[in-house]
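You will see two complexes here that share chain A, one where it goes with chain B and one where it goes with chain C.
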Partner chain A sequence: MWRRSASFVLDKHQNNKPISLTPSIDSPPPHSMADENSNPNPISAYYQTRAAHHGIVTSDWLEQAQAAVRRYPERDYSVSPGRPFSVIEEFNNWRQQPDLAEAVAAIRALAAVIRASEATTMMELEIELKKASDTLKSWDTTSISLTAGCDLFMRYVTRTSALEFEDFNSAKSRVLSRAEKFGEISCKARKIIAVLSQDFIFDGCTILVHGFSRVVFEILKMAAQNKKLFRVLCTEGRPDKTGVLLANELAKLDVPVKLLIDSAVAYSMDEVDMVFVGADGVVESGGVINMMGTYQIALVAHSMNKPVYVAAESYKFARLYPLDQKDLEPALRPIDFDVPVPPKVEVERSARDYTPPQYLTLLFTDLGVLTPSVVSDELIQLYL
Partner chain B sequence: MESRRNPRAVVDPKVRQVGFFTSSQPDSTQQPDPIASESHPVSSISPSGNSLSPVMIPPPRHTSSDTFPIRAAAASAVSPSSFSYSSRRDFPDGSTTASPGRVSRGSFAKSSVPAASSLPGVGMDSMAAAKSSSVPASGLTTVSVVNMPAGLSEKATGMEVQSDQKKNSKPLKEKTTKAERRALQEAQRAAKAAAKVEGGKAPPVTSGSVASTNVKANKPAKPASQKNDGVAAAGGASEKKGGPSEKDRKKDAPHPRMQYDDESRVVKAKRRAVVKQTEAKNRVELFRHLPQYEHGTQLPDLETKFFQLDPMHPAVYKVGLQYLSGDISGGNARCIAMLQAFQEVVKDYSTPPEKTLNRDMTAKISSYVSFLIECRPLSISMGNAIRFLKNRIAKLPITLSESEAKTALQSDIERFINEKIITADNVIVKHAVTKIRDGDVLLTYGSPSAVEMVLLHAHELKKKFRVLVVDSRPKLEGQLLLRRLIKRGINCTYTHINAISYIMHEVTKVFLGASSVLSNGTVYSRVGTACVAMVANAFRVPVLVCCEAYKFHERVQLDSICSNELGDPNAISKVHGREDINYLDGLTNNANLQFLNLMYDATPSDYISMIITDYGMVPPTSVPVIVREYQKEHLLV
Partner chain C sequence: MPDVQSTVLEFVNKLRKRKIEGSQATARCTVELLRSVISQHRVPHANQASALIDAVKAVGEQLVAANPVELAVGNVVRRVLHIIREEDLSLTTAAMGGLDLLDASDDDEDVCNKGIGYPAMSAAVVAAAARSTLRPPSLQTLLEGTPESATVPYTSSSGADSESKTADKSSITRKLKHDVIESVNQLIHEIAGCHEQIAEQAIEHIHQNEVILTLGSSRTVLEFLCAAKEKKRSFRVFVAEGAPRYQGHLLAKELVARGLQTTVITDSAVFAMISRVNMVIIGAHAVMANGGVIGPVGVNMAALAAKKHAVPFVVLAGCHKLCPLYPHNPEVLLNELRSPSELLDFGEFSDCLDFGAGSGSPLLQVVNPTFDYVPPNLVSLFITDTGGHNPSYMYRLIADYYSADDLVM
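Then we have the complex of A and B:
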């Protein structure tokens, strides 16, 4: 990484390592389930899943996915005896469902842990859950909603266990039912957000959308169903090509759509009334982490005084606080350029960026319509 | 006594009216003759009655023989207030206790300590010259200062007239009361002589009753004394004091954020004062509401009094001296030292008969706090700690025996220190270290204890970074930090604050400490911090403030002026060790030159990227959330 100080540049030249191939996600496995916990892929699993949802398959990705699938059946039963259940496998099963949010998949996996657990006290259950949640988190460190969902669930469990439950089973079943309800909460959250945002879409407005967020899609769908007249500009969303997908979906709803290449955002910003994006994670400062390109669009919109609205469920609030773009866990994804790229050329493969809160106008969440500074308020109340 | 009045021989220093001044009383014609000539120029300078605010002092102050007439004249020139005449009239009086009260109210032109030493038993002149030194006499007998309040109560009418609240309503009455007060003073002097014999409150009561007969009908002594309390209560109504009662008035701490340009309150504070401070001569107009004293004058005085101050606990006294001399500085250090001193106080405490532990100990703590304020104004962290302590004292169950209560209090204080300061610092270090990456160039300003711990811990974790220490005169605190870092082998660079914009381009992160963070996200910290934060912001460098949560306050401050601390002006004028550039040496007394040595400044929240506290990393907008959620927890626990 380049530094502003000359001394560090010199140091870097001396210790030059190719950074483009650094596997960024592997972390030392926390405990006995050693092999299974290390992510076999150097690519962010989260973004792989998203790509899978979008139906975009690149050749490398396909290869790696197949390799991974091949690897899994062996690993399932080679671990310490008495634990054929694997939380990661469970999680992966859940997250393959295209309509399921990441955090919900995590919580469902943790619910499965509870079901399969043989603990007899709340404390033991908590410890098991903590172990499972750590496993999940370390397996994919780049996914913010996964981390946030796990933390949220752990918080809920500890709060429940703090209550006086004489019967362990009743406490356990209560936690289990809550976990199961969480999936419905997630879907309901999207509906709530969609309802809240309807007031902000007026007839004749032009909305710029970046990335294929299921929440944003829900908002637009509901607006279309409410017979609002509006127009959508979609960015192409390289390398995921999410724009094309979204355009397809919106066309099915008879919403006028226009596709832009990513570079045409500033050009078209004049005719835009508002920008809608989703979020992979909402951080403590009130900023959002989202697909690469969001920061750019927010900057352009801010300089032209267009409001930027972020639609995110409350379980995406994470206790991170990035200071700049590089302060995040790097999440890399393969980028296809359609032409072979010479090996000496570095490629910026990060899949996401951080948009600071001063460029965001409002956050639509299931807790209501919030300003970015309220996120920290909510987090403090939730986690402390 | 009228014979003592002398015409003014000097012209008052220029008075520039800045800020809020209520209308003055019509002063000129009512003054005794000597000042009649002067009052005109006085009033011409400013229409307001506060034309000569109490801190206005004529230049030559140190020659005792001269100062008396001048002082008297000066005092008389302060005439629109009740102070002046009283001071003039006092001098012929042989009783030392009579004059202090008048004198202290009359003038804030305190003489320097040498005059103080000449106080007892010297004649009129030096008495007059040593006006302020007579106050130590009253200071020594802090308990007997109680004599003053009642005696002064009728004076309070005059003071009330002076004070902002009452000013507009009673211009005419003031004339008559002054005339009356002359007579009052005669009576009081006699009463005071009797009071010395009796040593009780009776004389002031009699003098008060005498005074009351003389005072105009619509100002009986009782409402006057109530007004006196009213002023105190108005001052103390906000936060930090228990309501002043007649009994506890002597023990009440002055409001920690007392405005020092309100003469009545300053007078009251001085009455109770243990530390005799000499007011600085040349003061910047804009900062008149802050106390400024001649540095270096209090220490020898205090040291000699070590064995004479009965009401003061030696541990508290020691801490006060350490504050005065600057041995202990930094929010955490001062707070811990104070709390440990209070632990000693609790340990040695024994409830006097007929008193409850809660109330008596609270009163005692308040008096100690007022002493500490005199040594050095409280920092916000200390204020919060004191509030916590008083709250714990108040919440002690009545059923506890004295020793149980004492142990409970001591363990509470211990817990506060451990949880809120020591453990909090560990948590802050843990969070902050995650933000330091290999290759970072970290800039820090001054010597914040939290940041030092972060840097040392990051170094232990073998992170590769280098540190840029920025420093500024006159304190040059960065050098201390520099030494400690270098000893551990951290790669450091040192520069002065003038070079900030030069080096900022190579900085990746700025770590700052804070004395407090206010509710609107403003960081109140060592002067110069705002500069560093603004330059960093201009260069898009993130600014991280490390501050423990007990230093948060629900106050809001928009600028660095309304609440600050003034340091020693001589520290600016003198550059130690560099005789060749000491151009300003000796110019501190020049009427055309005022030195301003501010200690703190306020950094707006826009320049702060994140605040690292023991509750995690939060944006500056979340400070009121933490104050709301957690400060009541430790107050109500």
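Then we have the complex of A and C:
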């Protein structure tokens, strides 16, 4: 109890710190994922408070403090002398495509690193890749799928080199071709997930959807194409207007859509048969990190015995284990109310929340239909 | 082959007419039928695994279509397919090394040892690809792309070992069938012995002076309770009679014959008596991949009562009952409606149930479902022949027993 109130006081101190520490927000947020904004306040106040109270410097806190210090020089870090290649530029180029998931863009950017690399041994290549991967990760520390994608690729590269090839060039070309094919895997993953979920959508069902996930949209599109009769309730998804965007797209497919304000979820939960959400990241416990509001909806659905289905590609599995909402790195984004808000009124600007696994029924991934407990198994198999 | 065809058709008929009762008997008959299909199937020299798989799949589809609610049939067919794939894989990894054909017990070891004296790319890459066909898709194999089919190892082995291996190849032919049939025999043995395996664990779960509740009649539960009795535990059993078939009465008789103190109660009395019970033990008809249980009608009620009173709900299931599918409308799709005559005496109710009178469809309807679905959050423990498991662990067992390619038949 005392911790919370005390941190409230320290938070205020934190907010009075000079703004020079914050890097400018890079580009206008893309329409779908709200978490891609750079974190304006890189050092989480929460961790600082804990460290101060307990007198312990946690490793995360240290890492973040170091990252904050390194932030500006970090920009030039990826540009080695004599080579005008920047992995961040490459990444941004790939990210522009609306259909490409963030992790896929990261992997493609790393593939470009390999292509441009002048290394002659696998070890050198790995070191270069590690540097590039760290740069990408630190560019946006809040994005989970970005981190997960980079980690996945690094694991793959280190595993490939060890056993199977004696010739460096053939190994390099194999890794390169794999990385370039990964973009197709992303689209294929969405198709696979859509096929797996078709059985769960029956005629006459009502589906509640939160947030504009491209995977969930693919599922609904395929169901509509298979002539299934169902209707969709979209939450408004303030402040991103995801609900309106999704409703427009679904209306084009002739699917009956109803828009709800976020507060009307419990009111309508009675007539809902199932809830479908996407995921920004799937964590080790089997829970998901998704747009703000998902936890709320999952709680309501759970209390009314409605199944909650999560559709996520497998490269979103991340090695995180949040114990509560504040364990995530805060991804803040500006919220504008229509009336001006006086400066001394605080606004909760976090963009995402964590839904614990006990409120989720099933996860649809390209690895198959999984229960939340399978996720940690998969992660262990990959990372151990 | 006409001989096999006629046995298949006979079996399909039996399934369709529900002549075979009980999942264990069904599973055994199915496996024995598949064994004769395999042994009598003439395999070509190349791609024999695929030929076998196709043959088994063709028969399996017929069997599953005959009785889709009896999930043990589909489970066992998929087990056999998995066995074929596994044996094929172990034979090819053995053959590629140019060593004597041995039952490669550990695929990985073999591959590493052979990687040295070989064109490194072909052997190891192909082996890795073959390995990944057998494992379910995972994060590890995600970036390895679509694995080549199991037929590739054949072409590469024939290419690399062209000189002296023709004699070995024909012995490979015979060996695959032989190995598969051996494994299938093991499977039959496993299915037949599942009761003993499960009953062995009884002593760990049933303690002195406990009260056990069960519903309906299950041979597994009977053996389980009797095994505990043998080990000198004294406990009491409440048997819910399991209307409308009243099989609980039969179970009660059996238990008394073995010397156990038994109480018979109606299904409606379960909620009333649950507070006096220490543990609920039931036998399952099938266990789904998410840990949900298909059991005789009434178990959902017992499970809810147990949850309400924090009584452990234990489900006994042999390995042939583990189904790799996820239930998406189990109350309807995995259920069977039996004859209304079990509920109502047709003579007394003939005027209500008459189709001829009035508007053509009778005002009185009778619904007599056979099965109930229990969601995984109500189950405390599964006891299979491999031991006790959490419901959230069932996917692991399923990944071990089945291949991902066989899920859709």
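We adopt the following convention: the second predicted complex is superposed on the first by the 304 of 384 C-alpha atoms of A that agree within 3 Å, B and C clash if a C-alpha of one lies under 4 Å from a C-alpha of the other, contacts with A are read in each partner's own complex, and residues count from 1 in each chain.
As a working rule, a contact is a pair of C-beta atoms (placed from the backbone, for glycine too) under 8 Å apart; a residue touches a chain by one contact, two chains touch by 3 or more.
All of these numbers come straight from a predicted model, not from anything done at the bench.
When the two complexes are overlaid on their common chain A, residue A:278 makes contact with neither chain B nor chain C.
Of the two partner chains placed around the shared chain by superposition, chain B and chain C are both touched by A:377.
One of chain B and chain C touches more residues of chain A, and that partner is C. Judged by the touch definition given at the top, the superposed model places A:323 against chain B, while chain C stays out of reach.
Touch criterion not met for A:239: it reaches neither chain B nor chain C.
Applying the stated contact rule after C-alpha superposition, one finds that A:362 touches chain C and leaves chain B untouched.
Residue contacts after overlaying the shared chain place A:152 against chain C, while chain B stays out of touching range.
Residue contacts after overlaying the shared chain place A:178 against chain C, while chain B stays out of touching range. Common to the chain B and chain C contact sets on chain A are residues 373, 377, 381. The part of chain A that touches chain C in the complex is made up of residues 152-153, 156, 159, 163-166, 170, 178, 181-182, 185, 199-200, 202, 314-315, 317, 362, 366-374, 377-379, 381-382. Here chain B touches chain A in the complex through residues 435, 439, 441, 466, 505-509, 542, 544, 609-610, 615-619, 621-622, 625-626, 629-630, going by the rule given at the top.
Considering their complex, residues 1, 3-8, 11-12, 284-286, 319, 321, 323-324, 327, 357, 373, 376-377, 380-381, 383-384 of chain A touch chain B.
Interface residues of chain C, counted against chain A in their complex, comprise 115, 120-121, 124-125, 128, 136-140, 142-145, 289-291, 326, 328-329, 376, 392-393, 395-396, 404.
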